[in-house]
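Right after this note come the structures.
The two complexes that follow have chain A in common; it is paired with chain B in the first and with chain C in the second.
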Partner chain A sequence: MAILECRDLSKRFGAVQALDTVSLKIEPGRVIGLLGPNGSGKTTLLKLANGLLTPTGGEILIEGMAPGNETKSAVSYLPDKPYLAEWMKVRQLLDFFQDFYADFDRDKAMEMLLRLNIDENMRIKEMSKGTREKTQLILVMSRKAMLYLLDEPIGGVDPATRDYILDTIIRNYNPEAAVVISTHLIADVEQVLDDVIFINQGKIVLESSVDQIREEHGMSVDQYFREVFRC
Partner chain B sequence: MEWIFRSDLPIYSQLVERIKLGIVSGSFRPGERLPSVRDMAAEAGVNPNTMQRALQELERDGMVYAQRTAGRFVTEDMRVIEHTKKQFAEEQIRSFLDAMGKLGYRREEILSLLAEEKEEEHGNT
Partner chain C sequence: MLGKLIKHEFRATARIMLPVMGALMVLALLANLSIRGLTSGLSDVPVLRILFVLIVVFFGIAIIATIVMAIVLMVSRFYRNLLKDEGYLMFTLPVSAHELVWSKLIVSMVWFLLTGLLIFLVMGLTALNLANTNLEMIIEQFPSWQEISQFLREAGIQREVITLICQAGLGILLGAIVTCLHFYAAMSLGHMFTKDKILLSIVFFIGISFAFNLLSTAYGFVGFGLSGMAEHWDSMENSGVLSSFNSIAWHGLVISAIQGALLYLATILGLKKGLNLE
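Right, the complex of A and B next:
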């Protein structure tokens, strides 16, 4: 069964059609890039998958179920905005995640925090923007989930940390789980992706594997994206 | 070694070339056990499915072989390795001749330049 499936999924905000009859399936064992220009519907799609928004039309299913309490235990979501309580220390966040998620691996989180030199006594409000983003990502990646939905996970971090994050995604690879990375930093993530979904103005314009694009067009996904979305 | 990929070719086929080069140049020795797919993927900074595909291609070419539980090993068949090495050499020579041709050199001139280069090398040692 597909881990994530959308059937004619639509979402409208007033006059804006954020998603327009999107149908797609995401299978286990795949790392997928959700790629599109700003305002194309990437974040809306990920929010729908987490039940933070409800569809205007069609449906979205996680392992065959509509998003809800049950699916939240299977989905590890990194939102596009900071969401951790400012006053909390890293250690308290670890407790928090441990309480909330049965699949949270505290040792793994500790190891990553150490690697990235993040002190567990630090409070979120004392952190730089980049360190906050790293901390959020560490928490999200330390769960043993079926589906990781990462909304712009590498946008605000330096290139060395970016490499470490991508390495973490590779090492975390689980043939039963799927990872969806929404980003416009395509060149950086291209090598770790199996498949890409191009989305524009709420519609899917392309679904392909990375190597298929390279084979058929003789260019990288990054270059191909620039062609398709030339302004 | 750092893995840098060209943008105009599939990643898996570039992995195949890189690993073949590693085998013919001796970084991977005949009969040596290869690291796990996951470790090789992490080393190259690529998706494990892509590395898996590259290794399957190398298996088809006879450069590596799989043993059901023990993992993958570099071939011990020296003929296969020598043959692949020769292919790499031919490729290098073709692109060299091509580049020299573009500079306007004819075969005899190229050969005499190569001979001069060789003498210089001897002179230096």
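Right, the complex of A and C next:
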């Protein structure tokens, strides 16, 4: 069964059609790049998968179920903005995640925090933008979820940390799980992707494996993306 | 999961409420010492007199500030934790919208109760100090429960007075719950829209107040016959008048409960169907 499935999924915000009859399936064991220009509908799709928005048409299913309490236990979501309470210390956040997610691995989180020199007694408000993003990603990737939805996971971090984060994503995810990475920093993430979904103006433009793009078009995903979305 | 939400909600609110309550207790102590100072020879020194008066004034302000803080915290926790960026975390937890609302409501109620008890305590102690007396003397002079009970029995109003006291307690609790839900519902409905969310929340708050006042008043006068009731009071026994108070209070409590239920449903509707995090 597909981990994530959209059937004619639509979302409208007033006059703006953010998603327009999107249909797609994401299978386990794949790392998928959800790629598209700004305002293409990437974040809306991920929010819908998390039940943060309700569709105006069609349906979105996680392991065959509409977003709800059960699917939230199976999905590990990284939003594209700082979402942790500023007053909280890293240690308190570890307590929080441990309390609510049965699949949270505190030891793994501690190991990653140590590796990235993040003190567990540090408060979120005392952190730089990059450190906040690293902390968020560590919390999200320390879960043994079935579906990871990562919205711009590397946007605010330096290139060295980017490599570590991408390595972490690949090393930590379980082979039964799927990882969806939404980004426009394609060159950086390309190395870890199995498949790509190009999205533009709320519509799916392309669904393909990375290998297929390289073989058929003789170019990298980044080059092909620039070709498809040339202004 | 509700227990865990409540635990973390306490963690988030205690860091503000405990220092505020601690500060109130320190100010209460200082104010009481100042009152003693003012009534002793120390008040002859002008600087000390001004200082003592200032401390007592600050104590008065601190009482109001503590109440305001409990209310502001109730509103801001709902707003910041559910409707702003932190909502991305809270609404992706494997918990229901009902559990999220109840956790906020229960914790706010506990802080309201603790704030009320603390203010009652510090004001009571200050009143004793002002009267230059002590607790034992008050207890001695206060009629015993048996005496009060006998007096009420002889007057034939024991049942009515006890009912009225219970109704008052229930009314305070229900009133606090309805107040919280009034804010929650207004914010929840206002944030269903993509623009002017705060302005719309205020509009919903005022609109709900207006609708509830109108409906309660209409029910009181038309449905319940409140205007005609007072005319009969002159001809009634004490117990009859109190009975009619009991009756009015029961209706008031039922109206509050209905208002609370409607506000709760509106809050859940906004959070489940119209969640619109930016």
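The working rule: the second predicted complex is superposed on the first by the 230 of 231 C-alpha atoms of A that agree within 3 Å, B and C clash if a C-alpha of one lies under 4 Å from a C-alpha of the other, contacts with A are read in each partner's own complex, and residues count from 1 in each chain.
Going forward, a contact is a pair of C-beta atoms (placed from the backbone, for glycine too) under 8 Å apart; a residue touches a chain by one contact, two chains touch by 3 or more.
All values reported here derive from a predicted model rather than from experimental measurement.
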Quiz item: Taking the superposition as given, does A:56 touch the first partner, chain B, the second, chain C, both, or neither?
Solution: neither
Quiz item: Touching A:70 in the superposition: chain B (first), chain C (second), both, neither?
Solution: second
Quiz item: Between chain B (first) and chain C (second), which does A:219 come into contact with in this model arrangement: first, second, both, or neither?
Solution: first
Quiz item: If you stack the two complexes on chain A, which partner ends up touching A:200: first (chain B), second (chain C), both, or neither?
Solution: neither
Quiz item: Touching A:208, do we find chain B (first), chain C (second), both, or neither?
Solution: neither
Practice problem: Return first, second, both or neither, reflecting whether A:29 touches chain B, chain C, both chains, or no partner chain. | Solution: first
Self-check item: Contacts of A:21 with chain B and chain C, given as first, second, both or neither
Solution: neither
Quiz prompt | Overlapping contact positions on chain A, where the chain C interface meets the chain B interface | solution = none
Practice problem: Going by the contact rule at the top, pick out the chain A residues touching chain B in the complex. | Solution: 29-31, 163, 166-167, 170-171, 173, 191-194, 210-211, 214-215, 218-220, 222-223
Self-check item: Complex contact set, residues of chain C against chain A
Solution: 1, 4, 7-8, 11-12, 15, 81, 85-89, 91-96, 194, 273-277
Quiz item: In their complex, what parts of chain B are in touch with chain A?
Solution: 5, 7-13, 38, 41-42, 45-50, 53
Quiz item: What residues of chain A sit close enough to touch chain C in their complex?
Solution: 13-14, 47, 50-54, 69-70, 72-73, 75, 77, 79, 81-85, 87, 92, 96, 99-101
